[in-house]
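Data first, discussion second: the structure below is written as C-alpha cells.
Chain nomenclature is as follows: A, B and C, assigned in order of appearance, with residue numbering initiated at 1 for each chain independently.
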Amino acid sequence: MSEFGAWHILTLGHYLPMGSPLHRLDPRVRLLSVLVLGGALMVRGQLAVLFLGLLLVLLLLALARVPLGHALRGVRALVPLLGVVLLLQLLFYPHRRALVAGSPALWQAGRFVVSAAGVVALVALCLRMVALVLLLTLLTSIADATDLVHAVEGLLRPLQGIGFPAHELALVFVIALRFLPLLAREMERLMKAQAARGADFGHGRGYIVQRVRRTFPLLVPLFVLALRRAEELAVAMEARGYAGGKGRSYLVRLRMRHADWLALAAAVALAVLLLWLDLGSLEQALFRSLG
Amino acid sequence: MPHLAGAAKQPLIRVEGVHFAYPSAGGLAVPALRGVDLTIAPGEYIALIGPNGSGKSTLARLLNGLLLPTSGRIWVKGMDTADPRFRQAIRRTVGMVFQNPESQFVATVVEEDVAFGPENLGLPEEELRARVEWALQVTGLSSLRYRSPAHLSGGQKQRLALAGVLAMRPEVLILDEATSMLDPAGRHEVRRIVAQLHRAGLAILSITQAMEEAAEAERVVVLYEGRIALDGSPSEVFTDVGRLQSLGLDVPPMAHLARMLGARVPSFPPVVLTPAQMVAAVRERAGGGCR
Amino acid sequence: MKPLIEVHSLHYTYLRGTPLETVALRGVDLVVYPGEVVGLVGPTGSGKSTLLQHLNGLLRPQAGRVVVDGMDLGDSRTDLRAVRRKVGLLFQSPEDQLFERYVADDVAYGPLQYGLPPEEVRARVRRAMLAVGLPPEAYADRPTFALSGGERRRVALAGVLALDPQVLVLDEPLAGLDPAGRRLLASLLEEWCAQEGRAIVWASHSMDEVARSADRMYLLAEGRVIREGTPREIFGDAELLLEHGLDVPAVTWVLRELARAGLPVRTDVLTLEEACDVLEGVLR
C-alpha cells in the first residue's frame, strides 16, 4: 500500500451486514447490551469470571455470524499495546503484599519477586482487554454508523421532555460521524499535497518542538477546512429551518418488539451474573496447585 | 429597467431600500449592499449576476432571513424577515441550495437527510414520509434513498441538497452558484431539474458566474458594488455589452458570436444568447441546403 | 527530442486484494515533451487523478512503467523526493493546503524541505512570487488567510514553482475562479511554460479550458486513453465526447447541429473567430 493509503479505512467500524438475529435487534438494544456487558467486564477482576465473560463474547460473535478471523484482526492490532500494559502490570503489581497474603512466589531475581497472584492478575487483565476489544468489534459489526446514531438519539429522546438537549447531542454525534470520512480524505489529500512539495512524513527525528511543528502543514489546513465546512453546514441547516430539538418531529421511529425486550433482559441478566459470580475459591485452588 | 410582467399578482418577495454591512473585526463595517430595491413575482426565473464582491450571496442570505438588513426591509409573502415569529415560515417559503456539495447534508442516510427540513417544521409522520417520497422522486434519487450521502457523486449530492429543500415545499428556490463545483454531467442533472421545477411554477433566483446559464432566465439582475446596475430581460441586459464590460462582466459566448457575425453579415440579429437560438437563427437565414 | 515524462501501459487498482478494490487505470500510455502543454480530459471516475499522482511518485505503478527525466518510478531505489523537484503537482483547490501565517513563509516551505541554503530560498521565493503576479514587496508579509481565494491559489502555485520544476502537473487549476481570475492564471501558466525545457500537464473536465491552452490532448475514460491528438482533432469528433459525458464547447455544438441539419459547415472549430468565419460563409 502507498504511504498514504490507510486513511480510507478510517470510517467507523467494520460493519458486516450478516442479517443475523443480533443485527435485527433494535439499535438501542444492541448498544445498551454491549455497554452493560462491557461495564461488567471492566468491573470484575477475577480470572475465572473474565474467562467466562470472554467465552460469552465469543458466543455472541458466533451468533452475529461474524467470522472469527475478522474479529481477531482487531485483537492482533492490540498486541503491541497489550504487551506494554502487561509488562507494566508485572512490574508494578504489589507482589510482596500478595506473598504476605498467602500467594506462593513463582520466580525471584534479587530483590524482585513475582507472585502467583500477580501472574493470575496479569492473565485476567489480558482476558479483559481481549474481551472488551472483541465486544467493541461485535458492536461495530452489528451496528453501522446510522444504527448507532439512531440508538443514541432514541435513548436520549425521552430526556428531551425534562429539558435535556437530546436532539442537539445526537446531532453532534451524527455530524461528527458523517464528517469523519470527509476529514480522513482531506487529511490524505493534504499529506499528498505537502509531500509533493518535498515534505517527508516518514521519520521522527528532532526535538519535540520540531516534531510538533512538522505536523502544522497538515493540522492547520485541516482545522481551517473543518471549521469552514462546519460553518457552511450550520448555514445550510439554518436555511432548512433548524431551530433545536423543540417541536421537531422524526421520520425514524424506533419501536421495541418482544424480541428486543427479551434480548435486553438477557443482556442485563448476563451482566448481573458476571457481576455477582464469585469464583474466588477457584483461584485459591489454582494457587495451591501452583505452590 | 423594472420588469413589469407579473406585477398584477402579489409579489412573492419585496426588497425595499436594503442596506447591509458586515461587522468587521477592526470596528469598521464593510458595506455589502447599498440600497437595493427588488421584487420577485411568483414563478419568476431570475438570474443574479455580478463580479465577486458585488453582494450577490449577501442578498440571497437576506431573502430568507439568514441575515437581517442593516436598514430597509424585506417581505416574504408579506412577512417581515426581521420578525422572529415568521422565521420558520419564511425559511419554508424560501429554499436555498449552496455552492459546496460536501457541506449541506446532515444525516448519514439519504432519505433521512431529505427529511431533515420537514422534521424541523414539526410535520406529522405521514406528511414527512409523503414529502420525502415526492422530493426523492423529483430529484431522481429514489433508488439511492438508503445510501450514505458521503458516497454520492457531486451531482447527486447537489440533487440531495435540492431534495432536502424541496421537501419543505418552498415557493422560491435560491441557487447560490449551486453548479459551479460540479462536473459537466452534474451540472446538466441539476439544471434539468431546476428547469422542470420552474415549469411547475416555482420561482427561481439563480446566482451564477456562467453567462450561458444566466441567458436561460426570464430576467437578469446585475449587481455591482452593492447596488443594482441593470435589471431586465436577458436580451436587454446582454446586448448592453459596453455597460457589462465596464462592470467587469462578460456576455454569453453566443452573444459575442452574434455581434461578430452581425458586423459581417448585415441582417444577422443582434440578440442571440443561447446555442439553440444560434442554431435557429443560422438555419433561418442560411437558405438552400437546409433540411 | 527526449521526453520529460513517459508512461507505458500503466495499471493501478485501489485497495487491491480487499473487497473494496477499484480499478482506476487499465493500461495508460502517455508522453510529455519539453515545451508543450498536454491536456488530460475525462469525466469523474476516468482515472485522471490517479494518473496525475503517478507522475510525481505519490503513487507507484503496480504494472507498467513511469519514467521521469530518465528516472524509473517503479524502481524502489529511485529517490522520489528528487522526482518531486522535477515534477511539481498542484491539486484541486490548492489554496486549501496553505498553512503558514505569512505568504512568503508558505512559499518557502518547499525549498526549506529540501534543505536549500537561506539565500537560495529567499531568491527562489522572490522569483516564484513574481512569476505568479504577487510582487514580494507587497505580498511577502501579508497574512495568508487575509488574501482572496484567487490570490491564495497563486500563493500555492508559487509554493510549487519555488522548487523550479521542469513539469507542472495541474488538476483543475482554474476551477472555481471567476472569469477574470481564470484569464489571469491561464496567462501566468502560459508564460511559465514558455520558458526553456518546461512542460505542463493540465487535467480538467472543461473542454473549453483545455482547448484554449493545450497543444496535445488525451481523452481518458474508465481508466483508458480513448483518444489522443490535437484539440482540433478531438473536437472534430463531438459524438465521442458526448458519449463519454463530456461537454462539447458551445461553438462546436452549434456547428454540429447545423451540419446535421444539412448545412455545409466544418465541425472542428475551436474559437469564436473560426466559428464566425465558417458561419459567415454559410450566411452570405
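Throughout what follows, a contact is a pair of C-beta atoms (placed from the backbone, for glycine too) under 8 Å apart; a residue touches a chain by one contact, two chains touch by 3 or more.
Treat the numbers as computed from the prediction; the structure is a model and nothing was measured.
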**Complete:** Among line, ring, star, complete and other, the chain contact graph is complete
**Request:** Have a look at A-C versus A-B and report the one with more C-beta pairs in contact.
**Result:** A-B
**Message:** Distance between chain B and chain C based on Cα centroids, please, to the nearest Å.
**Reply:** 31
**Prompt:** Using CA atom averages as chain centres, what separation in Å is found between chain A and chain B?
**Reply:** 46
**Request:** With chain centres taken as the means of their Cα atoms, state the distance from chain A to chain C in Å.
**Result:** 44
**Message:** Give the residues of chain C touching no fewer than two other chains, as numbers and ranges.
**Reply:** none
**Asked** Which residues of chain C touch chain A in the complex?
**Response** 15, 53, 56, 58-60, 81, 84-85, 88-91, 94, 96-99, 109-110, 113-114, 145, 159-160, 163
**Residues on chain B engaged by chain A in the complex (per definition of touch)** = 61, 64, 66, 87-88, 91-92, 95-96, 98, 100, 102-109, 111-112, 115-125, 128-129, 132, 148-150, 161, 164-165, 168
**Item:** chain B residues within the chain C interface of the complex
**Value:** 51-52, 153-154, 180-181, 183-186, 209, 212, 248, 250, 253-254, 256-257, 260-261, 264-265, 268, 275, 278-279, 282-283, 285-286, 289-291
**Message:** Going by the contact rule set out above, which residues of chain C touch chain B in the complex?
**Reply:** 43-44, 148, 175-176, 178-180, 205-206, 245-247, 250-251, 253-254, 257-258, 261-264, 272-273, 275-276, 279-280, 282-284
**Request:** Provide the residue numbers of chain A that touch chain B in the complex, in ascending order.
**Result:** 145-146, 149, 171, 174-175, 177-178, 181-182, 229, 232-233, 235-243, 247-253
